[in-house]
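In the two complexes that follow, chain A is the common piece, with chain B as its partner first and chain C second.
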Partner chain A sequence: MAMNSNSKKSDRHYLTGREVREIAKQNAKEMRRLEKEKNRKLPESAYVTKMRDDGNILEIENLHSYFFTDQGVVKAVNGVSFNIPVNSTVGVVGESGCGKSVTSMSVMRLLQGPTGQIVEGSIRFKAFDFKRDEKGKFIPVYERDANGEVVMEQATDKKGKPMFKNGEPVMRPKQLRDENGMGVYEKEEKVFDIAKMPIKEMYRLRGRQMSMVFQEPMTSLNPIFTIGDQLDEVTLLHVPGADKKYAKKHSIDMLNLVGIAMPERVYAAYPHELSGGMRQRVMIAMALAGQPRLIIADEPTTALDVTIQAQILTLFNDLKKKINGSILLITHDLGVIAEMADYVVVMYAGRIIEQGTASEIFHKPCHPYTQGLQKSKPTMKSNEEKLFNIPGNVPNPINMPDHCYFKERCSKCIGKCSGEYPGMYQVSPTHFVACHLYASEAENAKQ
Partner chain B sequence: MQNNKVNTAEQERELFEQRVATNKAAIDSGDFSNFDDEVEFTLEQQRKLEQIELDKVAPTNPEAILEVRHLKKFFVLKKTFLGKPLSSLKAVDDVSFMVKPGETLGIVGESGCGKTTMGRTILKLHEPTDGQVFFEGEDIAKYSQKDMRALRTKMQIVFQDPYSSLPPRSTVGDILSEPVKVHNIVPQSEVKDYVMDLMEQCGLRDYYYERYPHEFSGGQRQRICIARALAVKPKFVVCDEPVSALDVSIQAQIINLLKKLQIERNLTYLFISHDLSVVKYISDKIGIMYLGSMVEFGNKTDIFNNPLHPYTEALFSAVPNPNPDEKTKKIVLTGDIPSPANPPKGCKFHTRCPRAMEICKHIAPEYKEMGEGHFCACHLYD
Partner chain C sequence: MFKYILKRLGISILILLGVSIILYVLLRCMPSDFVEQKILALATNGVTVTDEFVEKMKASYGLDGTILQGYFKWLFNVFRLDFGESFISHREVLSDIFRADRIGTSFFVAAVATVFEFLIAIPLGITAATHQYSFRDYAVTVLVLIGISLPSFFFGKVLQDVFAYKLRLFSIAGMTDANLSFNNPWDEFKDYIGHMALPIFTVTLLSIGGRMRMTRTNMLEVLNADYIRTARAKGLSESKVIYKHAFRNTLIPIVTGLAGLIPSLFSGAMITEQVFKLTGIGSYALNAMTQGDIPVIMTYNMFLATLSVLGVLMSDLMYGLVDPRVKLA
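Then we have the complex of A and B:
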C-alpha cells in the first residue's frame, strides 16, 4: 500500500484531492486580483505609451499569459517578445500547445477569463483612433472655404426637414463628408498598452483597429443569423453615423473584395448554406469591414483543402497591398509561412526559440527544433528514404523544468543545456536564437 | 393497335439514331451549339454498362491482393412514396484500380471527393451499390456481414481521428486484447504476452497497458489505433488520414512507424490523405480522385514527374513551397468543389478547369491507360 502511494506521487500527472483543493484556493486568489485589475476604471494616460521603434505597429514585450487550472498554473505564453513592422507579415509557427494561439488571443484580450490571464508584460499597439473631447465624444472635421472659414449650413431634424427657431433658420457648421457620404471625424495616432488597458476600452480597438480571422470557419459564424446580419453589425458598430443602407452597401463591397462571386446571394444566406472556403472568405470580409490596420489570422487555412488554401493565401497577399495593413499569421504549416511571411517567429512550449527573416529561418535554421521541424516534413521535391523525426513529445506545460525545454528531445545537447534556460543569442542583425550552441557565435558577431 | 405501337418504337429508334448522328457531326466539326446532352448521356450509360458486363467475367489479376472494378457507392437522398430512390449522392462513382501485395496505394483528393467512402466501401463498412471488390481473388462485394467477420483478420482500418476512435472506458490492454480474443489469434493464456509484444513494436511502453486513452497525447493514441488494427495480423490495412490530426514532428514518427511495420509484416496499405507531400513520401502508387471518380492513377514517379490531368497539376502547384525565395507561378483553381449530389455534366472538373474546352462541357472523358500503368481521364489526350 505504501509503495502504491509512492508510485502515484512520483507520477507527475497524479494529484491528490487535497493538493487540487490547495492549488484551486491559491489560484482563486490570484484570479480575483487579476480580474479586478481587468475591470477597474483607469484614466487614459495610464495606458497610453510610446513605441520603442516608430516603424512598428505592434510590439510585444515579455508577455506572460497563464492559465490557472486546478492541476497547476499553465504558463502558455512565457516571456514572448517580438515586433510587427508596418506593412509586413509576421508568421508564428509551432506545434499545438506551444502558445501561438494564446499569444494572438492575448493581443486581442480575448483570453477566456477568469482562468486565462495576462500576468505580466506589455503589448504596445499603434492605433489611429478617433480624437475625443472632454466628454468622450468624437470631434467632427468641418468644411472650410477658401478663406479658411467654417462653412455653415441649415440644421435638419432626424427626418431631414429643415429646422427653424422663432421663424429663423437654425444654422450649424457643415461637417466634411467622404465619398460614401459618411461624416469625417478627427483622428490621431495613439499608442496603447493593450496589456494594461481596462477590458471595456478594448471595444475601441477590436474590429476597428485590429481584427481576427479565427481558425474554424465552421464554428465561428453564428448559425442563426444571415451573413448579411453578421457583416452589417461590424459596420454599424465601428463607422460613426452609419445606417443600415450604408452598412449593406459596405458589406457587399467587402464580399466583393474577398472574391465572392454572387455577393447579394451570399449576403442573404445563412452560414450552413456556404462551403468551407466561402465561410472563411466571409470571416475575412468580416475582419476587413472595420478597415483595421492589423489583421490577426489564427490558422486561417488549416481546416481547408489545398486548392482552397491557395485561393485564400493569394487573397491575403492581395489584400495586404490593398488595405496597407500588417498581418500576424499563426500557423503550424511551414510551407504557408514560407509563402506568406516576411519575418518568422518559432515558438516552443510557450517561449520563442528562434526568430528572424523568412529566408534566414528557412535557409539557415539554427535551433535544433527548427531544423528538426523542417526535416520532419516531407516536401514535394525531396526524395529521402527515411523521414527525420524528433523523438518524444512536447513537455507537460505544468511544472516546466528550469533548463532548456527542448533538452529531452534534442540531439545536440551539450553540458551547458542542464543549466539555466538559454537567453536569446544574436546570430545576425535580424536573427535571434535561444540555444546554448550559439553562445560563442553570438560573441563573435558582437565583436 | 399492336402495329401502331411497333411503329412508334421504330420511329423512336430512328429518331434516336438521327440525334446520335447529329451529335457525332457536332463532335467532328467541334461546334457544340446543337449538341444533345440527353442522347450523349444515354449513350454513355450504355457504353458503361457494356464495359461493366465485359469486365464482370474477366479473370482476376493473380498478382493483385486487391482489385476493385467499377465500384459505386450512392447515398440515397430522396425516396418516392414507395421507397424507390429518387435522387442520390454519388460518393463513389465507377472507380477501378488494383493493388499488389506489399505496395502502398495513396489516394489523394479534396474533402468531399469520396476518398474516405471508398476506403470504407472496400472494407464493406458501407454496402457497395454496385461493382466488384476482389480480395485475394474472391469477390467480397457479395459477402454477407457474417462472412466478412472472418475476413476482418485480413483487412483492417486505422481511422482519422485518434481522439474519437478509442473507447474512453477501456484500458489500452482491453482495447488491444479484444480483437485478439474475438478472432482467436493466440491461445487465451498467451494473449497478454502477445499484446505486450505488439505494443513494443508500435512504440508503446509496457506500463501503458493499464492506462486509459484520455491519458495519452494524439500521437500515442494513433499508435494505439495502429496497434489495434495490427493485432489480428492483417495483410491489408486502410489508413484513413492517419496523420492529419497530428503535429508535424509527431506526424513524422507515425509515418516512420507505418513504414517500419510495412517492411516487418509485409503489409499492403491503402493510404488516404489530402496531404500530397505525405502521400508522396509513403506511396508506391497514387490515385487522384475528384467528385467520386478517379481522374488519374499511376506510379509515384509518373504522377509526380509527369502529371497528365489538369486537376493533378493544380493540386501540386497549390502545395505551399517551404522555400521563401522560390516564388513559383501557381495555378489557382477558382470556385469550390461542386456538390456530389448534383455533379456537372460532361467532365466533372470542367467548371474549375483552367484548360477546359467546349467538348468537356458535354462529353465525359474516358478513363484509359495513357502510359504503362498510368491512367487518366481527360479530353486533352484524346
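Then we have the complex of A and C:
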C-alpha cells in the first residue's frame, strides 16, 4: 500500500501542489482497483467460508476501511476485530470520528464509493438464506401427509382457475404454506465473507439477513414516497410470492410491533407529516420487516429527545426477544450501552482499544481512555463542580503516529508508550485491552 | 386549487401590464426609430426631405406624440384585439407571426430539439453522476463542455460544411429545394426533414450541456442523501435505488426547469435560423428589432412574456404534483 507519500511532510499544515497531485494519482489507482474488485463476478465458493466459532453470527477480523481523500488516505477503521454471538447485543462506543459508523457501514457494504473502501480483512456472517437449485431458483417445501408422502393438488393457472389437460385435472405437489398463506421454501445456513462478496450479491443479505437503523430519522426516509410504499417495498422484495395486499398487512403489523398507535394513518402518511420519534419507529419497522437475524443500530437515539430515547431503547430490548436476533448497537452514549449491551467494544481512532462484557467495561475499565470516558459521565453522586474531560484531541487521521494513538492525551504514560502500537492484552477470559500498562498483568494471567 | 389558479392568473395580468410598459418605453427610447431610418435611406439617395414630410411620416406610423400617448393607444388597440400591422411588411402582425412557416418552423425545430435534449441529456447526467470521477464521467463532462462552448454560428457552419457540402446528406440551408417539384406529400416531408435536420442538431447539441450538468448535479446531491442509503440497506437493487428512489427526487428540479422551456419553444433560435436561412420567428424578430418595427416586437415579446408567466404557473402546479411536501393554497 503506497500511502505514506506525505511522510516527508514536516509540520506544515498545507500540501503543496505536487503532493496533492501525487496523492490524487495514487488514490485513483487504488480506488480503481478496489472498485473493480467490488464489481467483478465471483463463484460462490470464493466468498462462502466457515465461522471460527459457531456460536457467533458475525465475526469481524482485521477490518481495514479507508477513505481515499485528496488530503491523503484516512484510515477510518484500522484493524478492527470483534464477534457478535447469536442472540446478544454488542455495543460499540467511542467519540465522534473514531470509526464506529464506518465499521457498521462496512458490514452492510454501504461505504460511499469510490472514496470509501474496505481494503483488507474479513467479515464473516452466518446467513439463513433460501436454498437455490442450479438455476438459482428457490426450492419449495412440499406438504406431506402422515405417511411422509407428498400431497398433490390440482394446478391452477395465473387467474386461479383449475387447469385441465385432455379432460384430466393437472396435478402438482402442494407447497407448504405458513400462517400468512405465503409459500415456504427450503432454507440453509451459509457463512458469507462480506468483505470479499461482489457488491451485487449483497442484495441477498441486506434487508433480509441484516438490516440497519440509521442515525438520522429526519432524513433517512425518502420524502416523496409514503411510509406505506417504503415499508411494502421491503416485504415485496424479501418475501417470495408476496403481493401488495399481503405487503400492506405485514407493514401494518410491523408498525404495530414498534408501538405506533394509528398504523393505518401512518401507513398512508408522508415522512414530513411525522415527528422524529415516529420516523425512527418507522425506520425500525422497516429494518424488521424483512425478518433479519442481525440489526445494526447506528446511534438510533442520537437525534431524539430523552423521553423518546428511552422508548426506542425499550423497544429494541423487547424486539430482540421477539425476533430472536442479534443487535450491533453503535453509540457514544455510555448510558445506552449500559442498559442494552451484553458485550462492549471501545474504539479509538479507528482501532479497538478495549473489549469485554458490559460489566467488565463498566466496573473494571482498564484502558486510560475508557476510564476517562467513565469519569466524564455526569453522575448524581459526584459533588464536583466541573465535569472531567479527557485533554487534547484525536490525532489527525491521515498521519497516524506509530506509537499508541492515545499517548498524547494519556495521564498514565510509561516509557514503553513511545514504542510500537500495543497489542491486545488479555486481562480476563473475555476482557481485552490494548495498553502497555497491562503487559505484565497479561503475562501473569497466562502463567 | 381552483381559487389558487385564479389568483395567480389575476396577478399574471398585472405582471404582463408592467412588462408591456417597460417594453414600449424601451422601444421608443431607442436611438433611431423606423421613420428616421427610412428618412436616412431617402436622404442618402439624394431625395430632399422636408420637416413637414417627416412629421407626416411619424404620424402615419403612430410615432408622433409622447411615449405615454403612444403606449395607451397601443394598449387600447390590444384590448380590442388589434395588434396593428408590421411597419415593414404592412401586413397584420398576428397573421404575420402565427404562420406555419414562421412560428411553425421555429416551434418544430425547438420542439424536436427539446425532446432530443431531454432524451440525451438526462441519461447522460444520470450515468455521469452514478459513475462519478470515472472515465465515463470525465468523458461526458468534457464532451458536453465542448457543446456548451461552441458558438452556434461556428458549429452550424461546420455542420453545413461536413454534412451538407461534403457528405451531401442534408440540404445546406433554406426551407425547401427550389428546383424540385413534389408529387406526393412523402417527398415533401422528406425534403422538409432534410432542411430541418442540421438546425435541430445544432440546437440540440448546444442545449444538452446545461441540462446534463443540471441533472448530474441534482442526481449527485440526491445520491448522497440519507434516504438513498436507507434504500440500499433495504436490499433494493442498484437500478431500483437509482431509477425509483433517486430519480423521482431528481425529477423535481427538472420539472421546474420545464417552465423556462415553454417560451423557448416559441421564441426561435435567432442565430441558428440566420445560419441556416430559415424563415423562423427568431430571424424575423431580429430583423424587426434592428429596423424598429414596434408592433411586431411588442407582439412577439408580449407573446413570450405571456408564455413565461403561464410556464411559471404550470411549473408551480407541477411542483405540487411531484413533491408531496408542497401544498398549493
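By our rule, the second predicted complex is superposed on the first by the 432 of 447 C-alpha atoms of A that agree within 3 Å, B and C clash if a C-alpha of one lies under 4 Å from a C-alpha of the other, contacts with A are read in each partner's own complex, and residues count from 1 in each chain.
The rule we apply is simple: contacts are C-beta pairs under 8 Å (C-beta built on N, C-alpha and C of every residue); 3 or more make two chains touch, one makes a residue touch a chain.
Computed from a predicted model, the values in this text were never measured in an experiment.
Student: Identify whether chain B and chain C fit side by side or clash on chain A in the overlaid structures.
Tutor: Aligned on chain A, chain B and chain C fit with no clash.
Student: Look at A:K377 in the shared chain and tell me whether it touches chain B only, chain C only, both, or neither; answer first, second, both or neither.
Tutor: So A:K377 only meets chain B here.
Student: First (chain B), second (chain C), both or neither: which does A:L237 touch?
Tutor: second
Student: Please indicate which partner A:S45 is in contact with in the superposed arrangement: first for chain B, second for chain C, both, or neither.
Tutor: neither
Student: Of the partners chain B and chain C, which touch A:K386 in the superposed model: first, second, both, neither?
Tutor: It touches chain B, and chain C stays clear.
Student: Scan A:Y203 for contacts with chain B and chain C and give back first, second, both or neither.
Tutor: Second partner only, chain C.
Student: Could you say whether A:M108 touches chain B, chain C, both of them, or neither, answering first, second, both or neither?
Tutor: second
Student: With the two complexes superposed on chain A, say which partner A:N444 touches: chain B (first), chain C (second), both, or neither.
Tutor: A:N444 sits against neither chain B nor chain C.
Student: Which partner, chain B or chain C, is in contact with more residues of chain A?
Tutor: It is B that touches the greater number of chain A residues.
Student: If we overlay the two complexes on their shared chain A, which of chain B and chain C does A:S96 touch? Say first, second, both or neither.
Tutor: Only chain B; A:S96 stays clear of chain C.
Student: Taking the superposition as given, tell me the minimum C-alpha spacing from chain B to chain C, whole angstrom.
Tutor: 13
Student: Residue overlap on chain A between the chain B contact set and the chain C contact set?
Tutor: Residues common to the chain A contacts of chain C and of chain B do not exist here, since the sets are disjoint.
Student: Considering only the defined contacts, which chain B positions touch chain A in the complex?
Tutor: Per the touch definition, chain B meets chain A at residues 110-111, 215, 217, 219-220, 247-253, 255-256, 259, 274, 276-278, 280-281, 304, 314-325, 330, 332-337.
Student: Give the list of chain A residues in touch with chain C in this complex.
Tutor: Its residues touching chain C are 28, 108, 110, 112, 114, 203-208, 211-212, 214, 216, 219-226, 233-234, 237-238, 270, 272, 283, 286-287, 290.
Student: Help me check something: in the complex, which residues belonging to chain C touch chain A?
Tutor: Within the complex, chain C contacts chain A at residues 132-134, 224-227, 229-237, 245, 248-249, 252, 322-325.
Student: For chain A, which residues count as touching chain B in their complex?
Tutor: 13, 95-96, 261, 275-278, 305-311, 313-314, 332-339, 341, 358-359, 362-363, 372-374, 376-380, 384, 386-391, 393-394
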